Amino acid sequence: MTSDDGFRGAVSLRPTPEQLAYSFGGHEPLLTVEPGTVVELSTEDCFGGAVRAHEDLPSRVCTFPYLNPVTGPVAVTGAEPGDTLAVHFADISPARDWGVSSTFPHFGALTATHATAMLHEPLEERVWVYEIDSAAGTCRFRARRSGLELDLPLDPMHGTVGVAPAAGETLMSITPAAHGGNMDTPEMRAGTTAYFPVNVPGALLSVGDGHARQGEGEVCGTAVETAMNTVLIVDLIKGRTPAAPRLENDGFLITTGHARPLEDAFRISQHDLVGWTASLLGLDQLDAYQLVSQAGLAPAANVCDTNYTMVAKLPKAVLGSAKAYDGMHERLRDAAARYLAAR
Amino acid sequence: MTSDDGFRGAVSLRPTPEQLAYSFGGHEPLLTVEPGTVVELSTEDCFGGAVRAHEDLPSRVCTFPYLNPVTGPVAVTGAEPGDTLAVHFADISPARDWGVSSTFPHFGALTATHATAMLHEPLEERVWVYEIDSAAGTCRFRARRSGLELDLPLDPMHGTVGVAPAAGETLMSITPAAHGGNMDTPEMRAGTTAYFPVNVPGALLSVGDGHARQGEGEVCGTAVETAMNTVLIVDLIKGRTPAAPRLENDGFLITTGHARPLEDAFRISQHDLVGWTASLLGLDQLDAYQLVSQAGLAPAANVCDTNYTMVAKLPKAVLGSAKAYDGMHERLRDAAARYLAAR
Amino acid sequence: MTSDDGFRGAVSLRPTPEQLAYSFGGHEPLLTVEPGTVVELSTEDCFGGAVRAHEDLPSRVCTFPYLNPVTGPVAVTGAEPGDTLAVHFADISPARDWGVSSTFPHFGALTATHATAMLHEPLEERVWVYEIDSAAGTCRFRARRSGLELDLPLDPMHGTVGVAPAAGETLMSITPAAHGGNMDTPEMRAGTTAYFPVNVPGALLSVGDGHARQGEGEVCGTAVETAMNTVLIVDLIKGRTPAAPRLENDGFLITTGHARPLEDAFRISQHDLVGWTASLLGLDQLDAYQLVSQAGLAPAANVCDTNYTMVAKLPKAVLGSAKAYDGMHERLRDAAARYLAAR
Amino acid sequence: MTSDDGFRGAVSLRPTPEQLAYSFGGHEPLLTVEPGTVVELSTEDCFGGAVRAHEDLPSRVCTFPYLNPVTGPVAVTGAEPGDTLAVHFADISPARDWGVSSTFPHFGALTATHATAMLHEPLEERVWVYEIDSAAGTCRFRARRSGLELDLPLDPMHGTVGVAPAAGETLMSITPAAHGGNMDTPEMRAGTTAYFPVNVPGALLSVGDGHARQGEGEVCGTAVETAMNTVLIVDLIKGRTPAAPRLENDGFLITTGHARPLEDAFRISQHDLVGWTASLLGLDQLDAYQLVSQAGLAPAANVCDTNYTMVAKLPKAVLGSAKAYDGMHERLRDAAARYLAAR
């Protein structure tokens, strides 16, 4: 990044419905930007905006595999396999004053699915419409079978962020894996920097699946789904690449694991956090294993998608003066603040 | 409870080494108390105090199955199968100024184990000794292969709390299951009320496995293990029983699931939280599923024991004026405060 | 064994209903025998004989935990922890001309269960009554919702065979684990020798859960359940003990793994087969791993019980002249033949 | 098929090394054939032929992702999404008089892997070279650390057979899933008809990964890998599509499940076998569940690949006169016999 403000200009990406993609891999870039560029982009919700009312059952108004549209891909100049793409989320704001959630036949954590195949009929398919009040910072839950209403805190995030996969694969946008994708972790909020392995020239970043908020595990299979206006900055770390996406915010180093069974997702995330900690603190592997064991957090992200996602978190307080990626997160955060202030 | 202070006297239980138990079930009570009684008890660490220095490798100084000793059982007068035993932790204080942690051959989340059987040799068995400074509220990590030292916040808890199992079973104290046992969740700290199913007359509560602190997942297999002095109050809820232990503190309703694979532990905990939420808020099951999906938290507890443990947490803010178990937690919390103040 | 016939007399064990046990561990022996003794015993079916007709729904006529009764325990003189108990099944014959099978609420592989907890209502509970024709060697399936009838080959076996568990545990008879128990493998038929770890003096063998036949996986949760008259011979191998039950017949070495998830049950069984093969053929671990990888079979046993069971099988053709346990299986098989011929 | 012999001519497909593919999806057809056509094709081994001797360690001589090459794709005229592609294997013959197997770093069932992430170093990487004697029907195992040699029966099969995936995905050839792919079941031998869902026009069949033989589970991660000359016949079933590949031979209906954890692979395969059985015998779902539970077999296929594979088998004896897909298997089998006889 070269400007005094720490970012290299801003570009906008507001795809038409026809430009939306439904996979990672298999697409030419919609946009190519230099490292350090701010990208302002819009995303559609996971239902393509087709679920707006109680009667809009997803299985009727959506058509597989046209679910979970993503905006992108954005190519980043100079990104080569073996590099790391850094993506800092400066702002994630609901683009609508409503969001929706739903059950979906044979999808979710507490239902038989196509993978956890059983002889049960699907649970009832039901839609909930949430009122989003961005000024108040709330989204309003309304029960469908009682009069209960209550406000939940708005906590906007993107469920789906990733790059083109390795090995020439093209994966549905609903799959989380080593390339990122549909990780569905509430940690992917504004103020977070995400680090992705670069698998193809340009990295090919795509973003979608905005959530006004989401519980850990995304138990019923969907969050408070809504369209978003999002501001992010991209940057590059040359010559190093993580095994799976890493995240960083002001308080935590965060690693992610995407696999089934859930203990393998846990193991992947913890294994990477042990390695990252060892590297930053100059510890041998077992000393880092010990430190992570006592200091780490381990919330579920999603337990409903085609892979499950666990995240592992280490408080940066234990890092002392060590900084991940030479302070990339802090630089991008500060650049984001200047950009937003100047906007 | 009948006294003005909300508790019915206090008794002490400081077992000799010979009185320590290594199972839930299969033991006569060491003590019988009325509901509402404060119990002050001491617990030994999971190694029976035998690991005190780097050279005290657990596999040498401990003898299977004499691991993870528990204090108890304590019988509660009037407890009958189908009831709920409430246990409020008023205080959990390290009884020593040191704690230990270790790897253990073929035990932990990032190693081959007897269940996840592989052809690898065990990882190195290594002991870490922590300095506990209760006044400062810290425990000091010292790396073994570098000079790194750092203080972690003290956050005392019990890994093992439970009652006699159902169906006449006797289970090793290292197993977490529907009766509680070695759940190893950091949520079991002072200020928490735990609710257990009563499976046998008297319930037969036992407590052990104090941790000066523990990361979520207990990745390496052990926490900062230390002896504890603990103050708790027991009480009874007649005629209702949870499927597995529930916890409550001032901020959260918490359910627990104990199973393998980890997604089943997750499912059990979420299933119970959905049911509990539905019952407290008068919601139908799907409305409660939706609310938990958006408002819940889902951290790992242990991913190393004979069953894995996940917890599910709902912020009590969403409950409005509804109170779990008619305010049992608040009553026990207040009684505990009065007892500690008067002590 | 000392007689010319290779067995040391025969005793009979036909428990009254009150003598039936529902656990491994926690019971005094009904009978004590010398190694080499033939035991003729009777077993009740897993429903205690209470399900006899379509209207006898198990959830109504059976009372938890009084399910899956076992006959025993039988103590074997001289058995000490660290030894191996050998049990050869000489004959397993249905004691009735009918058997039953059923679905059971929240039990089975293709239904939500208490562990794989979901929001579905249970599948329909339905009973099937089979006609057993021992002379013809068939059991007759009759569909409940159509007129289809067909004969399946009789293949009698015991689902539940085991010894008292280690570590002083008492486990429900429906649980399979390292002590054996409810393994539900069709390999446990007449002509098979099973080897169990001895965990307590006398070993304390119990047997139950006869199946007129069973598919691999016991998918719906029950087999063709029936009472059995069974002839077995017990013997001892001093100073060696397997990690989990092993089986042997004229064609195969068979190891068993009992765990969740199913891949851990697979891993345990394969790990033991690799070790057994290495030991018998004088191979290093990796050479044995390779041989088992190319020559082994790996059928599911049960995917419905509290632990799942996989078995691993190696054709004895690859063993050349090597014999497991110095030919114990062959000796017991021959003794059994002489006993049955003389009976 | 229209000829008197039941097949519509024969074509040959012998790709150059440059024509080999490493994915399902993402490739134009090498060949387009009519339904009923015999295809004679050659396949390279999973190492691309680069592992020929003990010193050819796969991690050195192979380059990810150029592993597990497949021959194809072959387009079948008239195949449309929603149809079923039938592929009958008439002959699978080793093209060499040697095969190889190996361990591979962090790959296999009894080792830490990238998914089951652990802190262990990889197991030793070791290559075994087998002598294949097609006339004798054997392949010769030679231990590497002892003098043991023994002949195993030749049982040639293809580990990898599949079609282009649904949803526009491109998947590495080492992944088994609903499109088939690297299922690694020993059931894929000559005499078997495999049925695949058609996801794209032409279906786009590819075949590779020949095994001179393979144990169930493919425990060490590789079988006796060799190049093959294979004869197959393709045909179409219009307007019906299975959820995942089904197989049929003269003795059994066979379904497949591809997932993690292994119990989900089991569930998928059993669920499909229940549905198939219900449909062929006119049973309701629970009656079919019962029949499969008592009559079915359930061997592991692979427990090492990116998804695990279980198969479920029902003896065709229980079908009476019912025939799957109107006798497609029998017709293709007979056509294959005529073709081979006339060749």
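A, B, C and D label the chains in the order they appear, each numbered from 1.
Everything below uses one rule, namely that contacts are C-beta pairs under 8 Å (C-beta built on N, C-alpha and C of every residue); 3 or more make two chains touch, one makes a residue touch a chain.
Not measured: the values here are computed from a predicted model.
A.B. asks: Spelling it out: a chain qualifies if it touches subunit A and also touches subunit B; which chains qualify?
C.D. replies: C, D
A.B. asks: Matching over half of the contact pairs by residue number, can you pick out the copy of the A-B interface from B-C, A-D or C-D?
C.D. replies: Most of the A-B contacts reappear at C-D.
A.B. asks: Comparing centres built from CA atoms, which chain ends up most distant from subunit D?
C.D. replies: The most remote chain is B.
A.B. asks: Centroid of subunit A to centroid of subunit D, CA atoms only: how many Å?
C.D. replies: 36
A.B. asks: Taking the mean of the C-alpha atoms as each chain's centre, how many Å separate subunit B from subunit D?
C.D. replies: Measuring from centre to centre gives 49 Å for this pair.
A.B. asks: Report the inter-chain centroid distance for subunit C and subunit D in whole angstrom, where each centroid is the mean of the CA atoms.
C.D. replies: 33
A.B. asks: Which positions in subunit D touch two or more other chains at once?
C.D. replies: Expected reply: 110, 116-119, 123, 260-261, 267, 270-271, 274, 286, 289.
A.B. asks: For a test of understanding, state which residues of subunit A touch subunit B in their complex under the given definition.
C.D. replies: Touching subunit B from subunit A are residues 101, 103, 109-110, 123-124, 126, 128, 141, 143-146, 148, 150, 152, 213-224, 260-263, 266-267, 270-271, 274, 281-284, 286-287, 289-300, 303, 308, 310, 312, 318, 320.
A.B. asks: Can you tell me which positions in subunit D touch subunit B when the two form their complex?
C.D. replies: Per the stated touch rule, the residues are 110-112, 116-121, 123, 261.
A.B. asks: Going by the contact rule set out above, which residues of subunit D touch subunit A in the complex?
C.D. replies: Against subunit A, subunit D makes touches at 22-23, 25-26, 64-65, 114-119, 166-172, 243, 257, 259-261, 264, 267-268, 270-272, 274, 285-286, 289.
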